[in-house]
Each structure stands twice: as C-alpha cells, then as structure tokens.
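Heads up: the structure comes next, in structure tokens.
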Amino acid sequence: QSNQQIHVAGSSTVLPYAQIVAENFGETFPDYQTPVVESGGSSAGLKQFCAGVGPDTIDIANASRSIRESEIKACADAGVTEISEVKFGYDGIVFASSASGPDFKLTPALVFQAMAAKVPQDGKVVENPNKSWNQVDASLPDQQITAFIPASNHGTREVFEEKVLMQGCKDSGAMEAFTKSGMDEDAAEEACMSVRNDGSVSEISGDYTETLARIEANKQAIGVFGLAFYEQNQDKLKVATINDIVPSAETIASGEYPVSRPLFFYVKRAHLGVVPGLSEYVQFFLSEQMTGEGSPTVDYGLVALPANEREEQISNFENGTALGSKS
Amino acid sequence: MSDATANGIADTAAGRKPRRDIGIKKRYAAERRFKAYGIIAIAIGLGFLVMLMWSIFSKGYTAFWQTEIQVPITFSEQVIGTAEQANDSQTKLLMANYPQLARDGLIQLLGISADDKKAVSAANGLISSGTRVTLRDIVMNDLSVIGTTENVWLYASSELDSALKGQYDLNVPENRRPISDLQLEYIDKLEQQGAIEQRFNWGLFTSGASSRAETAGVGVAIIGSLYMMLIVLVLALPIGVAASIYLEEFAPKNKFTDLIEVNINNLAAVPSIVFGLLGLAVFINWFGLPRSAALVGGLVLTLMTLPTIIIATRAALRAVPPSIRAAALGLGASKNQTVFHHVLPLAMPGILTGTIIGLAQALGETAPLLLIGMVAFVADYPSTPLDPSTALPVQIYMWANEAERAFVERTSGAIIILLGFLAIMNVSAILLRRRFERRW
Amino acid sequence: MENIQATLHKGPAVEASRPIKMTSKDVIVHYGAKQALNGITLDIPERQVTALIGPSGCGKSTYLRCLNRMNDTIDSAKVAGKILLDGEDVYDPDIDVVELRARVGMVFQKPNPFPKSIYENVSYGPKIHGLAHSKQEMDEIVHTSLRKAGLWREVHDRLDEPGTGLSGGQQQRLCIARAIAVSPEVILMDEPCSALDPIATATVEELIDELRENYTIVIVTHSMQQAARVSQLTAMFHLGDLAEVGPTEKMFSNPDDKRTQDYITGRFG
Amino acid sequence: MENIQATLHKGPAVEASRPIKMTSKDVIVHYGAKQALNGITLDIPERQVTALIGPSGCGKSTYLRCLNRMNDTIDSAKVAGKILLDGEDVYDPDIDVVELRARVGMVFQKPNPFPKSIYENVSYGPKIHGLAHSKQEMDEIVHTSLRKAGLWREVHDRLDEPGTGLSGGQQQRLCIARAIAVSPEVILMDEPCSALDPIATATVEELIDELRENYTIVIVTHSMQQAARVSQLTAMFHLGDLAEVGPTEKMFSNPDDKRTQDYITGRFG
Amino acid sequence: MSTFTIIPIVFVIGLVGAVMAYRRSRALVGKDGVKMHSRPTYHASFVACWGIIPALLTLAVWLIVSPIVISTNVSGNFPEGVLAQSQLTEGLAYGIVESIGTGLRVLPDDERATITDTTPVADVTALLRNRGIPTASAATDWMVPLALQLNSLQFWSRWAMTLVVFVVAVAGTFWSYRQIAPRLRARNNVERIVNGALIAASSIAIMTTVGIVFSMLFETIDFFSRISPAEFFFGTVWEPRFSNVGSSGNAGSFGFIPLLAGTLYIGAVAMLIAVPIGLFAAIYMAEYADNRTRSIVKPLLEVLAGIPTIVYGFFALITVGPFLRDLSAQISGLVSGNYVSFIEAQSVLTAGLVMAIMLIPFVSSLSDDIITSVPTSLRDGSLGLGATRSETIKRVILPAALPGIVSAVLLTASRAIGETMIVVLAAGVAANLTLNPFEPMTTITVKIVAQLTGDLEFNTPQTLVAFALGMTLFVITLCLNVYALYIVRKYKEQYE
C-alpha cells in the first residue's frame, strides 16, 4: 500500500520546486497519487534515502548540494547501490537589504572585508575593525554593518564561504597577507572563511522568512536570500549587485552572476518500475513544462538549466547512469 | 434587655482599653500588594494573550476570504474532446488543456485579442493555475456541459488576491511588484463588470496542501491533527492516569518506583525532537510502520504528552486528603474501589488541566513530526491513520516558510483554525472540570 | 463515685460470659520510632459492647485501628503481635483486608463524610457490597440507617445535598449511618458521640444497645457515664499499656488498678 | 435534675451583671436557600463565660461563626442583622476583619492543625501579629500556651513533629493552645472538650476559668454538666431560634421555656 | 475472518460469559447461608477477563508471528539467481508479490479462477489494470505462482487464527465460569489484573527512556569515536563547519560549554519570569477571584500553552526584540545622552521573556488546582486566628500545596529546557559564552534541531553531534531530576 505512492524527502530549498512538480504530477496523471514530499533538510533526506531498499523507504532524496562520497558508501552498505543523480536547476544566492534603504554595490572583496573575522590592515592581521560600510569602502553607504547570513547547517553557507568569502579573500589580497603573516595554507583558508562574531554578523539557521523578518525589524541590515525568495518579495527588498551584475535568472544561467548553487535530487533506481509512476515523475520533473523556460518552477524563482543540459540529464537518467555502481 | 445593652455599651466605651498593636496597617498594605501582584500577574498573562491574538487575527482574518472571478467558460470540444470520446476512454478528458479554456474565457471577458501575447499572459496571471482541476471536475461530473458555455467562478491568482487585500505596496515601481499596471487595469475592469468577488474561502478548510496559495488548505492537516489528537487522547489519558494511580496509590516506596518517578520527570525535559528520533528508530525502523503516518505521529506525541499528564495527575491525586481514603477503606471498599470511586473523581480537575495542557502542547508541536516525515507536502486526504498526512502546526510551519505573500495571511489563518481546535478542546474540558470541581 | 454507680444501676445487666469474637495478643504498634502500644492482650466478646477508656493519647484509636487493619494505610505505622477474628489471624497475608473491613466496620474520630450527597454517603457501602438489589431496597437501607443514627428527621428533605454541608454533629451521625448501612459483624466506634448533644447521644446509645443483639461493638469514649451505660466490658488504656480490663460494673465500682481508680475518680465528665 | 444542681453548687458563683462585650440583634443566617438562624438577639457579657447549648444542627456553630465573621468564608452563607463588638458593628464595611478575628479568637469544632510542626502551629498566630520580639519571647508564648492547654507534658519533647500526627484529643488541645497564643479579647470555643478525656477536660475547664479573669468567652458544649460548671450565662438554641437565655443557675434550676426544660431534663450527658 | 470481526466476536464471547457468570453468581447469593466473597459484577468481570484477554493475546502474537512465517516461506521459494538478475532486493520483490496477491483478492471470482500458476504476469497485470489496480512494471512471471501461494497461506493462516482465537476465548470463558464459587476471590483477581495494567502503564515511561537511549546511543558512540569527549565536554567554542571536505578536513569545534550555559541561562530567565507570574496568577484565581472570573481566566491562560511556538518566535522576532532594543536605546539616551541600545534585538532576555509567556499556564493552571484542593478547614484555621488572606496563603496554603507546586515548577523547567523555536527566533543561533543577558546565546535543543535538519552530510561529526547533544542533555536533566527528587524528599519529611 505504502509503496504505491512516491515518497520524496530532503532539502527545504528544493521543497517548493518539488512541491510544484508533485502537485502538477498528481493533476496531470490522475492514475497516480500525488507524491508525498517531505521537508527536513538534505542531510535527513539522504539519510532516509540511504536507509535501504524496500517498500518502507523513500524513493527520492532532494538535496541542495551534491551527495558526498561517504554518503554514497553508506548507501551502498545499506544496499542502495544504484542512485541516479539528477540536477534540475540552480538556486541563485543574493544579498538584499530593506527596500527603503540605500543601494549596495558589492564585490566579494568588499563582503570579505566587512564580514571576515580577521582582515589584513597595514600589513598586519587584525580583528576586523570595520564598523560601518563606508569604512570598508567609501562608495558604500554610511551605515552600520549588520548582516544575516545562513548558519553553518545550511547548504547556502558553503556557497557563501566558497564563492564570496574565499573569492573576496583572494581578490582583496588578504589570502596573501595571511600566508605572509605566518599561517600555513590551511590556516589561511580557514581565516578567509571565518566570519566575525562580534554581533555585527548573525547566523540564521531557519528559513529566509526569518531573515526577511529580521531585516524588517532592523532596516539597516543586509541579508542573504535565495533568488526565488527575493523575487517574491521585491516590494520589501532591494537586491545588491555583485561585481555590478544584477542577479536574475538570466545572469545566473549565463554564469555572469557568480553566486549560485546547483539543485539536485537522487533517485533510487531499484524502485523504478516498482513504485508506480516513479520514472514518470522524474521525467515529468525534467520536462520542458515543469522546469523549462516559463514553467511554474521558473516562475517561482528556479534558475532553469540550459536546454541542452536538461536533455543530458534526461538521457543520463534514461540510460541508467548511476552513481552507486561506480564506487 | 435593650436598656441593659445600651448601658453595657456605654460602660465599655468609657472603660475601653487601648487596642493592641498588631501592625494592621502594614499587614493590610502587604495584603493589598499581594492581591495586586495577583492581578498584575493575570493582567500580564492576559495582556500577552491579547497581543498575540491581535497580531494573529489582524493578519489572518483575511485568509478566510478568497477572491474569485466569474469567467464564461466554453467547454470546447476541440480542447477536451467529445462526449462520445470521453465514454470510450477518459484519457483525453483527463489530460485536456483546461487552463486554455479558462484563458480563452478570460480574454473574451476582458475583450483582448488572442494575438496580443503580452496582454494574454497578463490576463492569464489573474487566474489561478489550479483551474485545471476545477474545470475537469465540472466536466467529469457532467459530460453534458461539453460544447456549452457556462459562467464559472474561478479562483483568482494569489497575486491578484493579495493585491486586492492591500498586501502589496502598489506604490513601488512596477517591476518590483508581482502584479503589473496592466493587470491592475484588468482588475478594475473586472470589478466594474462585477465579475470579481471576495467569497468565503471554504477551500482553506477542505483543500489539501498546494503550492498555489489560492488552492492551498488545511484539510489534510485537520484530518491528520484530528487523528493524532484522538490517538493521544485515547492512549495518553488512560495510560497517564493509570501510571499516576499506580505510582501515587499502589506502588511501594522503593528504588524501582523512584526510578520510574525520576524517569517520568526526566522525560518531561526531553526536547520534543528527540521523541521524533525515538519514533523514527522504534516505530518506523523497528516496527515497520509507514512514514508520514498520523498513527506514528500520534504515538510519538503520546509519549511526549505522557509526562505532563502523569505529573499533573500525581499532583492532583496527592492533594486528595487522606481522610477520604480512610473513610472508604473503613467501609470495606477495596483499594481499587477507593481510588476509582473517590480519589479519582476528586482529582479530576487537576487531571483535566494536565490533559488540556498536554494536548495543547501536542497539538502545537512540529519538531518531532519532522523526523517521522510528517512535515511534508501531502495533497491527498488520508483515509486511515496509516496514510501520509500532515498536521496543523506542520502546515503552519511550512506556510510560514513560503516566500509568497499570500501565504502570510494563510499562515495566520491556519493558526486561527488551530486555536479554534484548541478552543473546542478547552471548552469541553472546562465543562467537565466544572462538574468535578468542589472544595472540601 | 455515686454518679457512676447510679448510672450503672440504670444500665443493662452484665450478661454471662460470651464466646470471644476478636482477640488480640501482644499487639505492639510503632509510629516511626515512637512506640504507641506496648503489647496489648485483650479479648472482645461476641454480641457485647466493649468500651475503651483512658486519657487522651494513650493509644485507644491506635488499638481500634489495628482491629480492622486501618493502620495499614499509615506508612509509618508498624504493627506486631496477633489479632484474631473468629479464630482467623487478621494479619495473615492470605486474609482479604477488604473482606475484613466489610466485616469489621469503623466510625472515625473526626467525621469524614465523602464530598458527595448525603444519600450517596450512606448508599456507597451497600452499593459496593451489593447489599441492595433494587432502588427500593437501597432507599430502604439508606432510610433505616439514617433513622437509626437519629439523622433522618433533620435531613430527609435534603438527601441530595452534600454531606460536607452538615453541622459537626450531623456529620458524625452521618458517618455512623454510613457504617451501620453495611451491617458489619463488628463495629468499631471512635468516640461516636463526641460532637453530639444529649438527645442525639441518647439515640446513638439506644442504637448501640439495639445493635448489641446482633453485632459485636467496640467503642472508645471519654465519658465514664457513657461507658457505664452502654458497655458490658471496659478496658482501660494508659500510655500505650492496657491498665486493666474487666466487666464494666466491676471496673467502675471496684477497680483493681490504681491508675484506673485515679482516672475514674478524677473524672469530671 | 439533682445531678446538675449538684454541679451548680460546685461551680463558680454567678457574678453580678457585667458590661456587655458583644451583642447581636436579629441575626439571620441563610446557607443558600436554607435558613439556619431565624433572628438571634443575644448579649454577651464581658469577662464571663457564655455557654451555648442546644440539639445538634440547631445553629450554635453558625451563630458562633457570625461573631468573628468566619461565615464570610462560606460562599453560600448570607448573614443579616447586627453584631456589635464594644459597640462597633462587626459587619460594618469599614471594620477590619483581620483585627476583628485577632480580637475574637476561635477554636473550631473539628480540630484542624496546620500540616506544620507543633511549635509552628502555636507560634503561627503570635508571629503574624508580631506579638513576640525575640526567639525567647516566642518560646515563652508557645510553652505557656501549650501548658495552659494541658498538652505540654505530652509534646514537650516532640515540638518539631507535625501537628497532624497527634491523637484526636491532642489535636484539639493543640488548636486551643493555638487560639489562646494570640490572647484575643473574646474566645469562641466550639465544643473544645468533645474529644477530650475527663482529665484533659478538667484542664481545659480550669483554663477557661482562669481566662475568664481577663477575657470574654463563648463556649458551645453538649455537656450540661460542663455548661453548668464553667458558664455564668447560658443560651439555649433550638432549630435556629434562641429558645431562652439566662443566668446558668436559673437555666438549670428553673428554666422558663418548655423546650429548655425538655432538653435539660431529657439529658443523658 | 478479518481481525476487525474477530475482536468484536471475542468480546461478545467474553460478554456472554460475563452475563452467565453474573446470573450464576446471583443464583448462589440466593441460597441461604452462603456468603459470597465477591459481588456478581466481579464474577462477571472475572469471566470476561479470562474470556477476552488470553484470546486477544493469542491474536496479537499470531498477527505478529504469522507474516514472518509466511514471508520466509514464500521468499524461500524465490527462484535461484532471479534475485541477482533483476537487481531487486528480496524485500522489494516480496512487495511486488504481495501487491499482486492483494490485487488478485480484489478480482471477481470468475476472473480469479482463470489465473493459475502458469498464467503469464502480463495477463495478470492486464486484468488488474482493468480493475484500476496498478502493478509494478518489474513484475515477472515467477511471481504469479508465489502470489497464489502467498494468498493461500494467508487464507489458511487466517482461518487457523480465527479458530484458535475462538477456542481460546471459549475455553477461557468456560474454565473461569466453572471457577465461580462463593469463596472465589473474583474481586481480588480482577483487581490484580487491573493492577497489572497499572504497572504496565507506568513501565511505559521506562520503555520510553530505553527507547530514547537506544535511538541515540550508536550515533553518540560514533561521534565520540571521531571527536574526543574532552574536546566536546570542556570546549568553550562551538563552531562546526559546513563540511569537512575543505582543504584542511577540519570539522570545526564542538565545545559544549556555551550551549549548556545558554540553555541554563535562558531557562533560568524564563523561569524567573514565568514562575512568579504563574504562581501569583494561580493564587489570585484560587483564593481571591470569584468563580466566574476564575472559570474565564484559567482557560484563557491555558490558551497560551497551545499557541504554536513558531507564533511566539515571530512575536519575539518582530515585536519584543525590537521593542526591547529601542527601549534600551531610549533609556541609555535618557541616562547618558547617547542613544545606543544596550539590549540586542536577539538576546537571552528576549528569549526568556517570550518563553515565559508560553510557560505561564504550566505554573498557573496546575498550581491553581493544587491550591484549590487544600482543605478549607486549614484556611479557616488560619483566618480564625486573625491572619489576613495573604498571610494564610503564604504561611499555610502554599506550604501545604508545596509538593504539588514543586511538581508544576519542575514540569515548567523541563519545558523551558526543551523549547526550540522561540530560542531560535528570539535569541538566535550564535553559541556565545557570556554573562550579559542582553546578548544573544543559544541552547542545546536549538543545535540539536539545526544539526539534524540542515543540509549537512549525514555521517559526519557535524550531524552526529546532534545525537551526542541529545544524549548529554538527557543525562544532565536526569541528574538534575535525581537531585530534585532528593531535595523534595528532604523537604517533604518536615511536614508529613
């Protein structure tokens, strides 16, 4: 009974898209029940996914990051050997502040200098002394530095660290300064990615609604959002440019806007043909009408894959290219 | 006699000795302060309640109305096939492009040309994409509508709905709001035609989860919560009361009962998410119960509520004076009879309080449900407690995290529904409690 | 002294020695570390009234509570020794205390009506013991018991009101009615008349006299006159000891024990 | 009849009419719909003992509770009429019940010790009224009160034990000690000796006699002998009415009212 | 016969037995000279217990055991090597067989009759599809005979079960009916069963504890095999990284101290606010308020316990936090002329305050019941001595109600420790170590939830730490509770 319905679990970032697809799937294919899509994080989703094969396990795991080697191994240990990885789009990550505030034109280097725990100054490595944005750079508004960034349990944090802080660290020459001050490479990288904890940068472990609420309560603050969330709340939020590029589906898809991450889901191939509608669901997900241009998911804010890449994902899935069998 | 009285009083008045100082002024001041503390405490509690309620209701009451548009729909045979075809195979009927019917109806209503791509897409943005199901159901119920034209009330899109309810700041530049100037124009037009109306949002109560705000409802969640509360009530109340009776009335005072007592107190302090871990490990992985099922949720919440009920019940049992027990025992009532006939009824108000608080807590809990898969998108109604379902707090939690503006009011709307649920539970418990309450 | 003797003459004649209903041997009771009874050996004859007298705090209530094992309910109380009812040891683990208490009823020193209606207070015992098979029978039992306890006249029109809303003396009589409603074989009464006016006292004493026909009665009283009037056997307690026991007549006319003599002659009751 | 008269002769001589300490006029009490007192008019003379007698349930406790407004605590009780203490209306909204109750102390019919230690039970009143200014003073008050109530000997080595672990009679004496510890002007005693043995009763009666020097005392009793022994004025209640009031000597030798006569002669106490 | 028909029938058997027992025992009473030990209703319940309980136990055991037996039987017949080829694990293959079996049972008789061991699966699937029953496309021919076998095994098992259960029920009833005699201690027997049930109910608490420990133990051990306990228990920095795949492979720091401090601090602040408010509210309701006020106020306050905590969280985030921040700015402006807020929007104080609101009813309602049940005679005793109401409450009623109030407070404290959502939104997730209540801190529970539900890798210390935290918190609260029990005992002895 329970294996007649597709069961999906995983990332809460992917949830809205999976939800849209599941709903439309149920409406378009009245033969099949609407899939159940659990939220709860990529971690919990993949853990359930890797719990084993059988009617009481889930069929698909949504993830806002790629599956890790150790997880593939854990899966294999539990008998989940054939896993299809499906990439279905990108999530753009943007900086936004209250719509009533001034504009922000940021670069990774500026973000690094505003938010890093330690910055080089006059050749020495010092605790970040910057109190307001215009201390970082005169072009920025004279406004206290208050930022809300994703906490370290969020996939977004990884992107933020790698594509913004790390990049900014290198761009601003801080990396060099760190190594010069006697750190080895690991320590320097770590220093690049550590965020100041003197209260001006706060972590958010919840969802973007929380970040939005915090910005509404503190109009001076700047926060990190998903592109989709920002687009739904444009009347309240003002987006910051990075390297003078305005984030949008087009600029992200073209790679001009640097900060984005791919979204995935993983399919348990052993359940294909067993769970009714599973392969139809995957194909439906990747179809033009669901994740192509002008589809509801893209309306919602998904950055669609270029058409050729989507074709590739479909054929990968149909050819049965699996992760598990490789390792 | 009255003479004597008068005299007597006069005498005493004359010879009145000074009153003893028992610090009456200070003590009365203390008394007044004490009473004031009580009033202040209650005022604080109620004040916060009012603030919370106000913030919920002021945001949420609009969720109970939903904008609908009356659109003349032509059930064109070209789009959905003929009735004969439908009798042969339903596939065409099921898969037909119903949204096109709605779109055609709407552009006809607004009098825009089908070639004007921009205008058509603007108009299309006014109606919900959930029309597919609405229109399909109409056709499936009655094949004779095929080929005719009918006026149908369709859900407006959530953007239109929110705009009408004033939830968007329409003064910001057009590109920064989800509703365009053209669309606003159309809305004016529809309003003039009387084709747009705010109607009571039954869907909020009956629909399952949906990614579209206008078709989203807490139907599945209500059923799920109902199942879970029934399970909790049916299991936690008797088990909790039984355990308390054993511990308070029967158990010998030894290490084992101390162990149980400490255990119960400790379980009260276990974070609710840990009960989710327990449910996952024991009920799902071990007993093999299905994920996302109200049954598992109910069991987990039962375990979570038990300590509250047990602690409250034990305190209530302890407060029954021993003389009542002695009286019953002295008449030759057995211990069980004494407890069930006398002690339990007297402890009932306290037990009910514990139950209300425990149930209220269980009704509002999300964290443990996260791990057993109940924080999920479930569109279909569960027919048994073994089917996937969600719960009211889960729906609230999920809607609270939605980006769309229309979900903000729905979140509060769902909270109002949950509070209604709570109110029903409370009122029934109050009625019961009043029957049992007395001083002795 | 004359007073008591006057009363004795009015009281019923002491009957010839009767079979023993209950007997206790070396009953010792501790409350925690404090010893309340130091080994009481006493026989209670069948269908007679045994009075326990003695100064306050000497252990009368404690002894009475041993007879139907009500001391079991006090955690700190430890009972040692033997108590037999019709030859059976009441502290035998095999004995059913519930049955025991149904056979050995009790009226407590402090009136403790249930917070229920007057009717339910009295009907509770018969109900759990299944003594009535119909509403009429139950009504009958309740009415007779209340009448015997001398409460009927005062409460017949308010049987539905709570028993806790009665006056002190009324509560006490309610408890007596409640106890006799289950017709136990032995009735233990701990100062049943302490809160009663003379008329009500007389009613209860008459009741005791009447019950004596069929039941065995043990009564604790502080009134020497009452002991003299209603009892056939009197036991005098003193500081946890049984000072003396004997036929009532003899106890009040010619006590052997010095303490008894002192207590009785020092009387004021 | 002879018995009582014998007692009267032993009792203290009735003193000349005294100033009035408390007076009540047409006091009517309802419990819900039920009328418990039908208009009682009674003067209570200063520094004398007034005894209230009458059959159980006739309203003695109710009347007593009116005198220090303890009836306020019963929701269903409604009091009408006037009660004056030293000429002040005690039901005047301006009057301070706390002060009133500190001046008019009470011993209840059912002993109700606090679930605290014996010491704390007695020291409670003095403590809240601030009657002792040091530990010694407090000890002094507690010891004297216990001694006066005749409990000292039994409890002096266990003052720290809970008051609820005492025997019935001991609890009653504890409550008396508790009441006199605050030295009120008027002491209301609702059957203070009901659970007491003759010796303890004598102690309490002596106490009453002694208190009479300085305090006004109202006592409810069921024992005619006790009324005769300790009181100077006796009031006979009957079914919510005041049947008769008069000097004790006269009441017991030559009552005017038929009901009093019946009650006294029908006595058994 | 289905389980749902068997159970009522068993009950009917038990009830019939009970009625007969009742009659018989009534008849015995009629005979003179016989004194019954137990009343007829007890004889009836005695027989009913014997009729129903063993039968239901048998049923339960059968229902648990038979599917295991049947499935081993059927999967034993899976063709050799087929499993390997079709890439299906046994469980899934069995699932398909089962669903074919279930489908077959739904078919009308004439159609079912056409299906034999040799019918190709395609035909079966076609038949089923006509009836609207989807089957997995991986179904193969060898599954059809197994499905038939499964069906027949299930069929016979069900019959055997029905028979056995009924026999047990009737035998139990009959045997116990024969036992009825005047001296049969039916009441004691029935009460022993009731007591057994009571004990079973209280041991659920122990089983829950065992379950909790069991569900966290292995992961906890796993965690401590990767991160040293010393680092965890004595570390003062909490900073796990997103993942340890970075160049250094560093998983970050897992210092437990700041979380423990935060938990205790926020809990203490919440209790400090909630307990006085709740207690005073309870006292007012129980002792001063008239019945009507009380019957309105009490349930209203109870609503506070039922508002989902996310609502409180947003209340703290949007209203209370900024309010306190601005208030502090005003205050410092008035005092020093410098409008700088010393209370941060997210702070221990905000979290404690908002959590306290939620906790008020836990204290107020439970304490109100306890206070109300203190006997009136104690109030009278104190009032009669000239105590004011408040003195009576403080010195007599509260001490008498103390054990109950302590329970209520402990329960409240427990809730304070377990709360997540409010802390997340009101005090944030930053694991600071500070004494200043105006700065943010966070709690153990917050971190458990965060590490468990994020996008982290599931078998790294970052996720496993959630289990370690849960386990540690469990042990800490256990110790606190043992200590509380000890204290309560010590205190109680003074009064009993």
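To keep things simple, chains are lettered A, B, C, D and E as they appear, and every chain counts its residues starting from 1.
Simple rule for what comes next: a contact is a pair of C-beta atoms (placed from the backbone, for glycine too) under 8 Å apart; a residue touches a chain by one contact, two chains touch by 3 or more.
Note that the structure is predicted; figures quoted are calculated from it, not measured.
Enquirer: Spell out the chains that contact subunit B while also contacting subunit D.
Expert: C, E
Enquirer: When you average C-alpha coordinates per chain, which one falls nearest the overall C-alpha average? Tell me, please.
Expert: Checking distances from each chain centre to the full centroid gives E.
Enquirer: Rounded to the nearest 5 degrees, how far is subunit C rotated relative to subunit D when their C-alpha atoms are superposed?
Expert: Subunit C sits rotated relative to subunit D by 180 degrees.
Enquirer: Looking only at C-beta pair counts, which chain-chain interface has the most contacts?
Expert: B-E
Enquirer: Sort the other chains by how far their Cα centres are from that of subunit D and give me the top one.
Expert: Comparing chain centres, A lies farthest from subunit D.
Enquirer: With chain centres taken as the means of their Cα atoms, state the distance from subunit A to subunit E in Å.
Expert: Spacing between the chain centres: roughly 34 Å.
Enquirer: Taking the mean of the C-alpha atoms as each chain's centre, how many Å separate subunit A from subunit C?
Expert: Chain centres of subunit A and subunit C, defined by C-alpha means, are spaced 84 Å apart.
Enquirer: Taking each chain's centre as the mean of its CA atoms, how far is subunit C from subunit E in angstrom?
Expert: Each chain's C-alpha centroid was found; their separation is 50 Å.
Enquirer: Going by the touch rule set out above, which residues of subunit B reach two or more other chains?
Expert: Counting only residues that touch two or more other chains, subunit B contributes 22, 27-28, 31, 334-335, 346, 370-371, 400, 440.
Enquirer: Among the residues of subunit D, which are close enough to touch at least two other chains?
Expert: Residues 98-99, 102-103, 110, 128-129 of subunit D each touch two or more of the other chains.
Enquirer: Could you list the positions in subunit E whose residues touch two or more of the other chains?
Expert: 187, 314, 375-376, 386, 388, 391, 452-453
Enquirer: Touching pairs of chains, all of them, please.
Expert: Applying the touch criterion to every chain pair yields A-B, A-E, B-C, B-D, B-E, C-D, C-E, D-E.
Enquirer: Given the complex with subunit C, which residues does subunit D contribute to the contact?
Expert: 3, 31, 34, 53-57, 61-62, 109-111, 154, 158, 165-170, 173, 190-191, 194-202, 205, 222-225, 229, 263, 266-269
Enquirer: Could you please specify the touching residues of subunit D with respect to subunit E in the complex?
Expert: Against subunit E, the touching part of subunit D is residues 68, 70, 73, 75, 98-103, 105-106, 108, 110, 112-117, 124-125, 128-129, 162, 175, 178-179, 182, 184.
Enquirer: Of all residues in subunit B, which touch subunit D in the complex?
Expert: Answer in residue numbers: 1, 4-5, 7-9, 11-13, 15-16, 19-24, 27-28, 31.
Enquirer: Quick check: in the complex, which residue numbers of subunit C touch subunit E?
Expert: Subunit C reaches subunit E through residues 96, 98-99, 128-130.
Enquirer: Under the touch definition given earlier, write down the residues of subunit E that touch subunit B in their complex.
Expert: 187, 191, 194-195, 197-199, 201-206, 208-209, 211-212, 214-216, 276-281, 283-285, 288, 295, 297, 299-312, 314-315, 319, 357, 360-362, 364-366, 368-370, 372-376, 386, 388-391, 393-394, 401, 403-404, 407-408, 410-411, 413-415, 417-421, 444-445, 448-449, 452-453, 467, 470, 473-474, 477-478, 480-482, 484-485
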